[in-house]
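When the chains are written out, they are named A, B and C in that same order, and each has its own residue count from 1.
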Amino acid sequence: MTKNSSNIMALSPNTSNKRETVCIFGTGDFGRALGLKMIQSGYPVVFGSRSTQTSSLIPKDAEVLSHAEAAQKAAIIIIALQRQHYNFLIPLAEVLHGKVLVDVSNNLKINQYPESNAEYLSQLLPGARVVKAFNTVSAWALQSGTLDASRQVFVCGDDMEAKQMVMDIVRAVGLTPLDKGSLLAAQEIENYPLQLFPMWKFPIFLSLGLTAFFFFYCLALDVIYPYVYQNKDFSFFIVISIPNRICPILALILLALVYLPGVLAAIIQLYRGTKYRRFPDWLDKWMLCRKQLGLVALAFASVHVLYTLVIPIRSYVRWRISSHTISQALNNKTEPLNTTNAWLSDSYVALGILGFFFFFLLGITSLPSVSNNVNWREFRFVQSKLGYLTLILCTAHTLVYGGKWFLNLSLYKWYLPHAYMLSLIVPCIVLVIKFVLIFPCLDKPLTQIRQGWERNPKYSEQSNYIINKSAV
Amino acid sequence: MTKNSSNIMALSPNTSNKRETVCIFGTGDFGRALGLKMIQSGYPVVFGSRSTQTSSLIPKDAEVLSHAEAAQKAAIIIIALQRQHYNFLIPLAEVLHGKVLVDVSNNLKINQYPESNAEYLSQLLPGARVVKAFNTVSAWALQSGTLDASRQVFVCGDDMEAKQMVMDIVRAVGLTPLDKGSLLAAQEIENYPLQLFPMWKFPIFLSLGLTAFFFFYCLALDVIYPYVYQNKDFSFFIVISIPNRICPILALILLALVYLPGVLAAIIQLYRGTKYRRFPDWLDKWMLCRKQLGLVALAFASVHVLYTLVIPIRSYVRWRISSHTISQALNNKTEPLNTTNAWLSDSYVALGILGFFFFFLLGITSLPSVSNNVNWREFRFVQSKLGYLTLILCTAHTLVYGGKWFLNLSLYKWYLPHAYMLSLIVPCIVLVIKFVLIFPCLDKPLTQIRQGWERNPKYSEQSNYIINKSAV
Amino acid sequence: MTKNSSNIMALSPNTSNKRETVCIFGTGDFGRALGLKMIQSGYPVVFGSRSTQTSSLIPKDAEVLSHAEAAQKAAIIIIALQRQHYNFLIPLAEVLHGKVLVDVSNNLKINQYPESNAEYLSQLLPGARVVKAFNTVSAWALQSGTLDASRQVFVCGDDMEAKQMVMDIVRAVGLTPLDKGSLLAAQEIENYPLQLFPMWKFPIFLSLGLTAFFFFYCLALDVIYPYVYQNKDFSFFIVISIPNRICPILALILLALVYLPGVLAAIIQLYRGTKYRRFPDWLDKWMLCRKQLGLVALAFASVHVLYTLVIPIRSYVRWRISSHTISQALNNKTEPLNTTNAWLSDSYVALGILGFFFFFLLGITSLPSVSNNVNWREFRFVQSKLGYLTLILCTAHTLVYGGKWFLNLSLYKWYLPHAYMLSLIVPCIVLVIKFVLIFPCLDKPLTQIRQGWERNPKYSEQSNYIINKSAV
């Protein structure tokens, strides 16, 4: 930045701390809230409005002028209008030439228009320097001052200097600007505030579905079966016992589903002999929500841990243990210590603890601030090595837990397998395939393919330009 | 940046990696530590000092000259002096004209002077380009190299280029610059290192006060009462039983206090018929420390969980259960399973687990790196929907826990209610008001008011410019 | 940036959204992956290759030309070649003059060459503007689109404008650029992806060594001793009982080792009477990995908590309690409540819970996003005050746990002390030294020394320039 340019723009006056006047087009709720905030931060604010009568709602320190007059007073104009009214600005094109126009608008639906509002504004007024900003904060948040959530304001624009000026305002009102690059990013920025956990939808619906299935399965086997055949009322199992059966089952299945797409992708690549062809759409989507699947699995595992640890506090469990002790005392016999039982019980618990510990570590490394501080080599080490270790430990935990029941067919109620056996199917498949894939005869070609080698280069010629567009 | 400007400043020499000379005014502890760090990072350093004798403490590779001579050698001058000595710089105004002056000073008290030190420096030397930086790191941290804590260095200044030059030095010595905008931000930056958890003071003192009250309340009812009337020594209850009564009570009250200001604000807005009037001061402050209140509540809830889970390990509990079992065995009777009891005990435990789980989720989303990655819609969904779900679950947990005792007056010692009943007052008030507020006849006008509608626009005219200044 | 400069560079075309052409030298795996990603982001891409035949692997929309022709078409050239082939670029020096060259290369070993690849490139082609970027992402990550890990791309370079252009490309392909300053930072950036938790190696190997030692120690005392002398088979202790003895021991020792270097440094500074002399190398290294030591200690403490909480679920423990109850019932006697025991058992558990709670708080504040949001005063308060409180609570927890065994020599198997006694040595040493150091007669000179005062200024003259180089 030469002296010359800073004289023209008077961006950062060296000798005085007076802020530059900012103009706001539109006196709606958001325009007023932003204007008030800027006045409080020391900016002179002028509103551009169709009616120049000072409305009672407009902050007192602000001037209200016609659009053209207001625009002439400032280098930066905030366009707090709906996209439908943008064409009202066309007659002002001359006044707005060279000015910094800040598009703060949002849409009602994701991808509502073919181009973003900011790009549309830029097309209407080619002489203006359009910057997208402020659309991620709400009038309510600006006014109430309770900016607990993200203070980040995404900023994008094609003009570096205009962007810097807007980012300075963002900082001045107590928010944090984040440069998202050129105006092409506006579409993404406009879609951002409309999202409601888009990546979490599939994992959450999947787990709700599985939860419902396993709930009725366990209800039938653990509550209805004893009620029908033994006339025992175990309805209170619904509260803790059955949830504590569903949680570990779901945790294990979801954890296995995190690693299943990886081994499927490896099989596909081995079969095709190239990595330069797009995976099927469902596999792509699945791979992109693995982190969320894993975190939902961790949530189920955590609840399982809590449910398990309260077992000795439960009134039913205390009654059962006490009854057992009393009946032994009354029969005047003491059982000797069963070492095999002690081994099994302790192993099963220890495997679960270690599995949960590594699972929790995986969860911590997926926190944004932690994963930003590890490099790829470290991230893959944690997610791959530690992830498989977790899967192995949790699968072993389940296997040891049910060890004795597997072969005892008389324990199968209504000839149905126990619920935990169903939970073992997916993890065992994943572990077996993974075990096969690490044999050198498969691992070597796979590594080559992933480094860019092709078994049949001819074939890929037609298809290589359609590789995976869903990546960003 | 044109070629022209980069020739003048030689900011980034393309052909050689030699760093620009940096001048440091002041040979105190901080100046020397910073100088040494810069020498290690490849910068030639020259010190400006009243006495030009090379002190033994100054790094050997650094030159020591008079202030004027030193200043001429460098484009950047770090002013490592106390604010009281800034007027010594006035005679050097000519030499310092156009130079980048880096103000690294701190004060002893928050808002000690009317203007920040950096702005004061800028007023004394209007021709210099003042940048505030480095005040958040200490000489000790620079020297010991143990920069475990924040590596962030806040930088502000009115001259973009000067700021860039300083930010390059910050990066070169291994720290992370954070642009805070124009020199107006200097006041905030200078106050920053003097703070000691300002937002946490109210929640922590409040919870200490409540803890003390409930401790003596429980002590009277659970230890002194049985000692006086039954001559039993339960003094060891002080260690676990009473803390495990205080923790859940405080967790529930503090959690309810997080949501109370929100419903109070809604009532005030409904009553006034506008959102354009400032809330009372106490309500503003209360709303700003809700996050901290919630996290303190979560801490109490976590300790409660741990205290509860160790119950079966406690020697007193083992003795009580064992005594009960033995007395049953000796009387030769076995109790049948009480299904109602099993239902109540399991429900109470399950509600607590689910409440704690959602509470923990809320806590995770308040981590800075997580809340920066959700948009407003998602943040409000989590904090509002999940928050109320947590409050409902925890209140239900407490209600079910004490269910049987409520109506049994004979259990009231000294006619005082049990402590947990006191804890239910605030949450029940919040939940009842919230329940009333979601009726359409109240929800509709409230939504309109929050979107900017006013019942009585005249009234607000006098007051709208004083809305909430405490926001930033 | 003046209009002039932006005309020349056409960096951000205001009137159209067409992206600038980017040239890629090298058609290897990484070059192709990056090229495809750029094409998908809207950049025209031209490859420079020795053979200008369109290979089947190159994305269809990309042109392939000779190096010179390709370079002429673009302002930015990505050098996707190995360092060994950089000298092939020398004949192109004229064409590459003034162009932005992006060095994306990595080495196979840390510090493989005396200078970084990017600096080497800059020396070969002094007329080009070299920027280091993209080396932290892999071809696989770009192609599979599963950028779960860090999206951060470190960028450094001496030319500000060139850096901005590259950072815009980084943003456009969906990654986050992080400016690391001048080209001198390239060495660090090139070493970054080769690291595998370098700071964690010492803590992890140390804890593995200590784990092995204590495992065999406990195995001898708890399993082999009763097998030899009492012929009892407690081999299942290996699964939970012994790990649950090792974990707290290691947690306590490692936590004490976090605070030991601090008190050692204080002693050294007091002895030398100055802070301007370098600490021994081992002490420097030790101080730099304190955070990692503390987190490993926290991991052991967490596993200890889980192992402890499952105690009542273990089949062995249930058998032991039940046997004890039955034998009492059969002998027709009931033990009265032992208040001393209740006090001891409750205190020991409560101290452990509080210690773990503060330890966990310490762990949370070491999350990058949390520690970036506290200032130095707050960080030192938490790490020093809360840290010592944690150490005191955990040491007291261990002391109360073993209280009764200390003096009872008959309990010493094979005349060896119980394992937990060994764990108390380091923490007690640290606490005693710290206690001595807070006496005013030592605290006052230490504070002065840390503020820069010297007892014997002469002495430091020879040594002050070698202070602590390992800081960055």
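Everything below uses one rule, namely that contacts are C-beta pairs under 8 Å (C-beta built on N, C-alpha and C of every residue); 3 or more make two chains touch, one makes a residue touch a chain.
As the structure is a prediction and not an experimental result, all values here were calculated from the model.
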{"item": "Rotation in the CA alignment of subunit B with subunit C, degrees, nearest 5", "value": "120"}
{"item": "Interface sides of subunit A and subunit B: same vs different residues, half threshold", "value": "different"}
{"item": "Intercentroid distance (Cα basis), subunit B paired with subunit A, Å", "value": "24"}
{"item": "Touching two or more other chains - residues of subunit C", "value": "1-2, 309, 312, 325-326, 329, 367-370, 372"}
{"item": "Residues of subunit A touching subunit B in the complex", "value": "1-2, 6, 11-15, 17, 19, 28-29, 32, 36-37, 39-42, 56-57, 59-61, 136-152, 164, 167-168, 171-174, 192-197, 233, 235-236, 239-240, 243, 299, 302-303, 306-307, 309-310, 312-316, 318-319, 322-323, 325-327, 329-330, 367-370, 372"}
{"item": "Complex interface listing, subunit A residues touching subunit C", "value": "1-2, 4-5, 119, 122, 126, 129, 157-161, 179-185, 265, 275-276, 284, 287-288, 290-291, 305, 308-309, 311-312, 321, 324-326, 328-329, 332, 334-335, 337-339, 341-347, 349-350, 353-354, 356-357, 360-361, 366-381, 383, 450-452, 454, 457-458, 460-461, 464-465, 467-472"}
